[in-house]
Amino acid sequence: MALRLGAIVEALGGELQGDPALSIERLAPLATAQADALSFLSHPKYQKELVASKAGCVIVSPAMRDAAARRGAFIVTPDPYLYFARLTQLWKQSHAKPEGARIHPSAVIDPDAQIDPTARISALCVVERGARIGAQTVLKSRVTVSEDCIIGARCLLHPGVVIGADGFGLAPHQGAWVKIEQLGAVRIGDDVEIGANTCIDRGALEDTVIEDGVKLDNLIQIGHNVRVGKNTAMAGCVGVAGSADIGANCTLGGGAIVLGHLKMADGVHISAATVVTRSILKPGQYTGMFPIDDNAAWERNAATLKQLHALRERLKALEKSAMQDKPS
Amino acid sequence: MALRLGAIVEALGGELQGDPALSIERLAPLATAQADALSFLSHPKYQKELVASKAGCVIVSPAMRDAAARRGAFIVTPDPYLYFARLTQLWKQSHAKPEGARIHPSAVIDPDAQIDPTARISALCVVERGARIGAQTVLKSRVTVSEDCIIGARCLLHPGVVIGADGFGLAPHQGAWVKIEQLGAVRIGDDVEIGANTCIDRGALEDTVIEDGVKLDNLIQIGHNVRVGKNTAMAGCVGVAGSADIGANCTLGGGAIVLGHLKMADGVHISAATVVTRSILKPGQYTGMFPIDDNAAWERNAATLKQLHALRERLKALEKSAMQDKPS
Amino acid sequence: MALRLGAIVEALGGELQGDPALSIERLAPLATAQADALSFLSHPKYQKELVASKAGCVIVSPAMRDAAARRGAFIVTPDPYLYFARLTQLWKQSHAKPEGARIHPSAVIDPDAQIDPTARISALCVVERGARIGAQTVLKSRVTVSEDCIIGARCLLHPGVVIGADGFGLAPHQGAWVKIEQLGAVRIGDDVEIGANTCIDRGALEDTVIEDGVKLDNLIQIGHNVRVGKNTAMAGCVGVAGSADIGANCTLGGGAIVLGHLKMADGVHISAATVVTRSILKPGQYTGMFPIDDNAAWERNAATLKQLHALRERLKALEKSAMQDKPS
């Protein structure tokens, strides 16, 4: 199952310095790679690890050419991390094992669902009436795609994903709640990846929309009528409330919360565990997170925080008093 | 599949001004509705959208009657949002497609489970020994109801829900953990809705209790021996730790965390991403959330926050010194 | 199904004061226990409840012997909570109902998976090619164990768990994302418990590792190449980003977030809803959480927080000015 260096550069490009016949048995990080492994240097700050690595070959940027040359074989490419990504794909293809049935017999597919002949549906999935699954899309095990929801081409849905459960729509009435039936669906574009146990709710009247190239990690909640713009990526445990309109090429860190009925422009980056409480119309990095501290220090500061407005008033009073004391 | 305006007011009440024979093909928001659509005005602040809307008919409150009359057909009702909720239910009923088997053949039902003849169990559900499912309750696909757990009438459990997994009970012993078997179960009342992939753990000795009319969104965690009072609603990604006792008619915003062994009175409202660290015995709105800011501003403020207690001490010292400087 | 007190102390030890023939019908908390119930006092602060309890017998520490003696039968043991934990296990064994098939016929097991003959696989699980499940390990319903992942002995995986979905690995390229195939797997040690709908991702090149005795609650996300050290416990809704290296005997409170590529020493305790943004190399308790307040107070303090750095500058200026005003 090895790949020769020559075959790798033939498939992926890059300039090889070293023996094209060298056999690569595995891909490995610099620190643990041995002579049979191919590794990569993603960032110049790891140069020390490059020098110390026992890897049979390393992928480096032009700037690292000299450092790499001092230790053995290397492949030069403008973006080693991208090259590495493509190499993992090549590796996976070369090591692919025979696949079973295209639609696993344990999957429950409604006769009125439309599944492209090149899609794969794994064990114990549910695809309901009116749902559509596009070309080369893969549903891993135990995915639910509910009524009338549409998944584009080349998508990958990991186990436990739920597409198209009812949005959380309720009208208050005499102390109880009256359900608002969710009459919309979910539309997911092409090249979307959705992590394990992530949920995307169907819309109330119109559809929830996930545009092309969006990448969602595990355990994310997307509320009804949200729009997630093209190529936006969200880390695990993010929650997005209903009708949030998130632009393209945004990133959301793990555990971030986005409130409903607000707008995020293209290119907005939200740090982990940050709560987006208002529209953000300017690209940039935004954060709101209580800094971690040892518990005793935190207790003191948190207690003071509850008096912060009062402290400001006291500071103002002091300033005013100091002004008055100044000799005129 | 259209509904005439006359049939709608016959079913739901309200005062129709306009042609009862007008055929409604869809429900739609004001902004996108066309002449074949029925829309609604939930709040006077959207009056501008009302005027601009091309909807065939709109549902409005008495205060909006004049504004509505200037543009075409309308239905007057005291609470348009509630009317809209009921309309979505009417719409769903009118458009219902034939249902399959009451218990999907792929569901795994223990012979010692009791399922009301009017309940529906969808594909790939698991209902264990001793579990009971009430009248007209619906389990969507891939729901687990564990041993001895009870679900009331007219409940709706979305895909991936887990009722009655073990609570997180551990006794520390010599650096390791000894499991506390969870001998209680989960009891869920009537008219409860539970969102996709939400988990409600079984009790340690007594039961975890979800009272009538509770509404839980997706990806919520309810720990063992929690009580959630009647008609309380929780948005997505909320976590409630063991033995929390939450009153009736509370709301919890998305991503809120409730610590264990505390009490929340009836009518307590917790903002999104807020951590409830102590009992709250007075109704009201409570919040604890770091405000979002651009990252550079956040960094400065967060760094200062770690010195906040010290700043207070410095302020105190200044105040004391200023007092001493005052002429007596 | 009752157990006599004599049988209990014979199995679990402890010093019984009272009638060994007394029949225990249930285990119950002090507050609700009746004469047929066995209860326990976990902490001296509940002594008042001990005195008031109607329990047939209570488990107490030596320090509580006198208080317990004033009310009836009791068992003395150095650690009542540990004793209670073992009692729940004894109780569960004594009340065990006949088990069905060792591997439920609805489970989908790849012929190239290795499952120990003493393991149990419940309904609608998926165990993929190359996966290994150790002795006496139990998979509850609807668990997925993906290709090549390894689960040790005596583990318990609750419904909806996903082991070995792809880690979230993406290389940016021209505004879109290129997938990094995840070529590692997940290795889980012995005596690990994993809560409902929790996800543990497979590694990018090397494996994600969960060491012996780790306890994970529900709805937790563990990213690729994380290491969780021996006997570490995490409460619900925790998120751990990729390549975090978490030591042994740590605890993480509910909703905590751990960022990636950082290290936590052994014995680090993180409070609920706290974000670990940097390595923590010293054992201890760490917290970062905005304190909850009534909403009006929070609004004032949060608004001031956004000017905190400026306030500090103003305080500094005042201090400087006060120093200059001092008579030299």
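When the chains are written out, they are named A, B and C in that same order, and each has its own residue count from 1.
Methods note: a residue touches a chain if its C-beta (ideal position, glycine included) is under 8 Å from a C-beta of that chain, and two chains touch if they have at least 3 such contacts.
None of these values were measured; they are calculated from a predicted model.
Q: How would the chain A/chain B interface be labelled, same or different, where same requires over half of its residue numbers to be shared?
A: different
Q: For the Cα fit of chain A against chain C, please give the angle of the superposing rotation, nearest 5 degrees.
A: About 120 degrees of rotation relates the two copies.
Q: What whole-Å value do you get for the distance between chain A and chain B if each is reduced to the mean of its CA atoms?
A: Comparing mean C-alpha positions, chain B is 25 Å from chain A.
Q: Two or more other chains in contact with one residue: find those residues in chain B.
A: Touching at least two other chains: 106, 124, 142, 160, 197, 219, 237, 255, 289-291, 293, 303, 305, 307-308, 311, 315, 318, 322, 325.
Q: Report the residues of chain C in contact with chain A in the complex, numbered from low to high.
A: 106, 108, 124, 126, 128-129, 142, 144, 146, 160, 162, 165-166, 168-173, 175-183, 197, 199, 201, 204-206, 219, 221, 223, 237, 239, 241, 255, 257, 259, 270-271, 274-278, 284-291, 293, 297, 300-301, 303-305, 307-308, 311, 314-315, 318, 321-322, 325
Q: Which part of chain A faces chain C closely enough to touch in the complex?
A: 26-29, 32, 79, 81-82, 84-86, 88-89, 91-92, 97, 104, 106, 122-124, 140-142, 156, 158-160, 191, 193, 195-197, 213, 215, 217-219, 231, 233, 235-237, 249, 254-255, 272-273, 289-295, 298-299, 302-303, 305-309, 311-312, 315, 318-319, 322, 325
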